[in-house]
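Alright, structures below, take your time with them.
In the two complexes that follow, chain A is the common piece, with chain B as its partner first and chain C second.
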Partner chain A sequence: MAPQQQQEVEVVVQQQQQQQQGERGAAAVSLRVLLFAGARELAGTAEGVLTGVPARTDVDHLLRRVTEAFSLGAMSGAFILALNHDYVMPGDQVRVRDGDELAVIPPLSGG
Partner chain B sequence: MSLESKSIFQMEKEIADLRELLRSKEQELRVLKECEGSKTHLSVEKLSKDDIERFSRQIIIPSIGVKGQQLMKGASVLIVGAGGLGCPAAQYLTGSGIGHIGLVDYDEVDRSNLHRQLLHSQENIGVSKVSSAAEALRRLNSNVRISEHSLQLDSSNALNIVQQYDVVIDATDNVATRYLLNDACVISGKPLVSGSALRLEGQLTVYNHHQGPCYRCIFPKPPPPETVTNCGDGGVLGAVPGVIGVLQALEAIKIVLGWTGVLSGQLLLFSGEQSTFRNIRLRAKNPSCDVCGDHPLITKLIDYEQFCGAKATDKESGLSLLKQEQRVSPETLHRSFICKNEGIVIDVRDSEEFNMCALPNSINIPLKKLEEVTTIQKIKEILDSRKKNEENFPVYVLCRRGNDSQRAVLKLEQSLGNENVAVCDLEGGLHAWARAIDSSFPIY
Partner chain C sequence: MDHLKLVHNEINVGDIMKLVSSPSCGATSLFVGTTRDNFEGKVVKRLVYEAYEGMVQKSLKTLCDDIRSKWNVHGIAIYHRLGEVAVEEASIVIAVSSEHRAESLQAVQYAIDKLKADVPIWKKEEYDGDATSQWKENKESSWIKTEPEENVTPENPVSFIVENVPPELIQVKADDAEIKRRMEAFMEFKRNQVNLSNIRDFCSNSSSDSSCARVDAAVIRQKDSKGHLRVRRVLNKTGPQTQGIEQWPSTSGASSVVPSFTPDNKKGLALDNSRLRNAELHLGINDALNYRPVPKDVYARLKQLEDRILFLEGVSPEYSLESLK
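== the complex of A and B ==
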């Protein structure tokens, strides 16, 4: 087997292992991120993906990651996160699966 | 002025005077009726013939019935903000037979309100929003008692007003008033139906209802002012606050009826673009919340403008970032740019606004693009082709009201430092231009 092919096989095996681990809640997953109101403006997009999120993590980690990935620094601390339609609180431990929906919700104030 | 326009002007004035007279007569009549009513001790809860005929379509719903209609007749709802949310909310609450409705707003009807604030008519431009809305609501149902609070809600008056009502609707347009209303409702023990809308998005939830969370439980920290967009700057499609305002009326009615399906502890996100409603389950009440927690730090109303670092209105106040010699008046700009064809004019509004109306031969470069290298390169190319060897070639910068233009001047002075140009902004923006030079130019 050529070295490159061997490398590819290794990557596939690694991914399979990660997936299996993911089912047990230990590896990294991707989240579908929805951005609302001012977060959408700052990020310049209504939707994105956050990759490499540990399947067992805490909300502070999610906050950090999402702030960094979508340039939300300017409104840090002034938005909430909802995981699959449920509010999650800083300090909470959460389990996430591939494709879970993470919503970034700052308050709207216009009327 | 021609003879025709003189008589048009005369007639418009006569009609306006008659309207004013009508308004004061109606007010007199109301006072008389209220005196009469209190003498005869009419039971507020007893349904009249008018009530039964008017509300029969909702009374026959089994979960409402006569009892529900009586509850509504005996109930009072305060609506804070008679704008895009408050108008539809007030309309449906008045229609449904809520006995007493309070309206709070400090503002006057403006032409730019009319696309979404449908209680106000174009004849009422310049009239206080509260009296304009009250007038329309009384035409809809003259039996409903409408209390007019034509004032800016603040820490000195909020508790006194809020305490007079059973349910409060937050239909305001700014962060400071939202925190003020939240705290006033927590302190007075009133449920708060909170709605908001911008562009094509809306949010709705009920705070402080049956031990549910309050605004501060969810958003303890106000957003940094620079991340807050108001309807005047961001825009709003009228039907979007329409949807949210109607839902606010519905939630208020459900609270009055004592129903269980109230949107407390949940946040409804509405997308007008996708036609979707997303229901987010919120946290329970926060035991360490500053106002509704077990040991509250806030037991009386505070200074909310200071807390939020922003004014309690949706109107941006005038910035003053530049020296006077960096600013030009509309008259100076007219003489120099229009009459003598001197310099260039950069309009830093967004392209949508520029496409609505702009000065002839002005160049549109939105503020947020001013830091891009390609933009600066483009400006330099324009300057190369225009200024030849002129010293202090004028670069005039303008925007809608003269705030962003000042920010833009500061940026351009850095990037065009070596270009031998004099960068100035139009003081007061296109609003000032319309007032001083061209009355046909739209003020929006």
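== the complex of A and C ==
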């Protein structure tokens, strides 16, 4: 793993958390967020925490939250998410628990 | 047996091959991906690979299961380098063994294509000179997008996106829907044009005062016709050409060859010399053409003309048909 990933930066957006809880009335959870390649460089961090995520949500919501929390607006739409090692696509409904791993996946270039 | 690994040191291709070989296998297919030293004219100084290691193992395992569900293969080994990789070194080695070659060859091709599309590994190229670098994007990666709002799902992969087309090379700056609309509008316009033209030609002869000289039929001599007269006549039943014309002029064209003398000028002269001469010239009687003396006897000259007419009628019946009208 790249050295930047060692440092853990917690991103807490208190206002957003309260707002989300008020809106949805559902239990809010915190997700561990991993960032790779271009997304890692743009965010300036390899890892973070996204708090105040509703337990039942959709991928579009997660994409918006991640984009805001890690300043990924410049590559908005050019990345997808993986939740607990599975790709999730816009439109998918997901259930998340505390500590679930959410990864920001820019276009792949393996091989 | 599946051998799936992310490694930080150079990959020994021979070792990977040994991992999958088996006495029962007649074929081992290898794919070795190596790093290039250039990209779009820029010199690549070094390449750095990074992976979502926690997910790569699961992703590669899924890929192996997928391969085994499609082909009967024995061993699969996929080794991928991470960290800095020098130019010309192997960044990936895939080895598949099978009883017969077809399975392993197809499986290797499939494996590298799927790996590039699905396995979370990234490559960064660092270029010589201006110290720039770039994260690469596999064209197989299904969520590369040009517009942020576009909704791309795996069922709707966007591939072969060409970025940065010079603006001077783009001639049509309209989207698919607009191009389709333009083509349909053009077809409709041409169809209407043809329809109008057909209606004018075939349907409106009865009230044709406003029409130009339309034709009903053109008589064009056949290719192998022996006739001397080139018939290109058209009978206009209607239209401006028929205005004030009761019948076809019987000697059209003659006046342009020889200036004819109107009867008025020679009133009172029977069998006027110049009239005979005109007829002789028109019918191409040699004596008259060459201005040689002609027979004094007027009947001899008439006989010559008659003979000439009979001859011409014989070789070209069109002449006589024309004059009968």
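Convention: the second predicted complex is superposed on the first by the 81 of 111 C-alpha atoms of A that agree within 3 Å, B and C clash if a C-alpha of one lies under 4 Å from a C-alpha of the other, contacts with A are read in each partner's own complex, and residues count from 1 in each chain.
In this section, a contact is a pair of C-beta atoms (placed from the backbone, for glycine too) under 8 Å apart; a residue touches a chain by one contact, two chains touch by 3 or more.
What you are looking at is a predicted structure, and each value in this text was computed from that prediction instead of being measured.
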item	value
Touched partner set for A:42, first chain B, second chain C, both or neither	first
Which of chain B and chain C A:70 touches, first, second, both or neither	neither
First, second, both or neither for A:103, with chain B first and chain C second	both
Touching partner for A:89 - first (chain B), second (chain C), both, neither	both
Doubly contacted residues of chain A, that is, touched by chain B and again by chain C	36-38, 77-80, 82, 85, 89, 103, 105-111
Touching residues (chain side chain B, partner chain A) in the complex	81, 83-86, 171-175, 178, 195-198, 201-203, 218-219, 221-224, 226-231, 234, 236, 241, 244, 267, 269, 278-283, 314
Of chain A, residues touching chain C in the complex	1-2, 34, 36-38, 76-80, 82, 85, 89-91, 101, 103, 105-111
Chain B-touching residues of chain A, taken from the complex the two chains share	36-38, 41-42, 74-75, 77-80, 82, 85-87, 89, 103, 105-111
Chain A-touching residues of chain C, taken from the complex the two chains share	33, 49-55, 58-59, 80, 91-92, 112, 115-124, 135-138, 140-141, 143-145, 147-151, 153-154
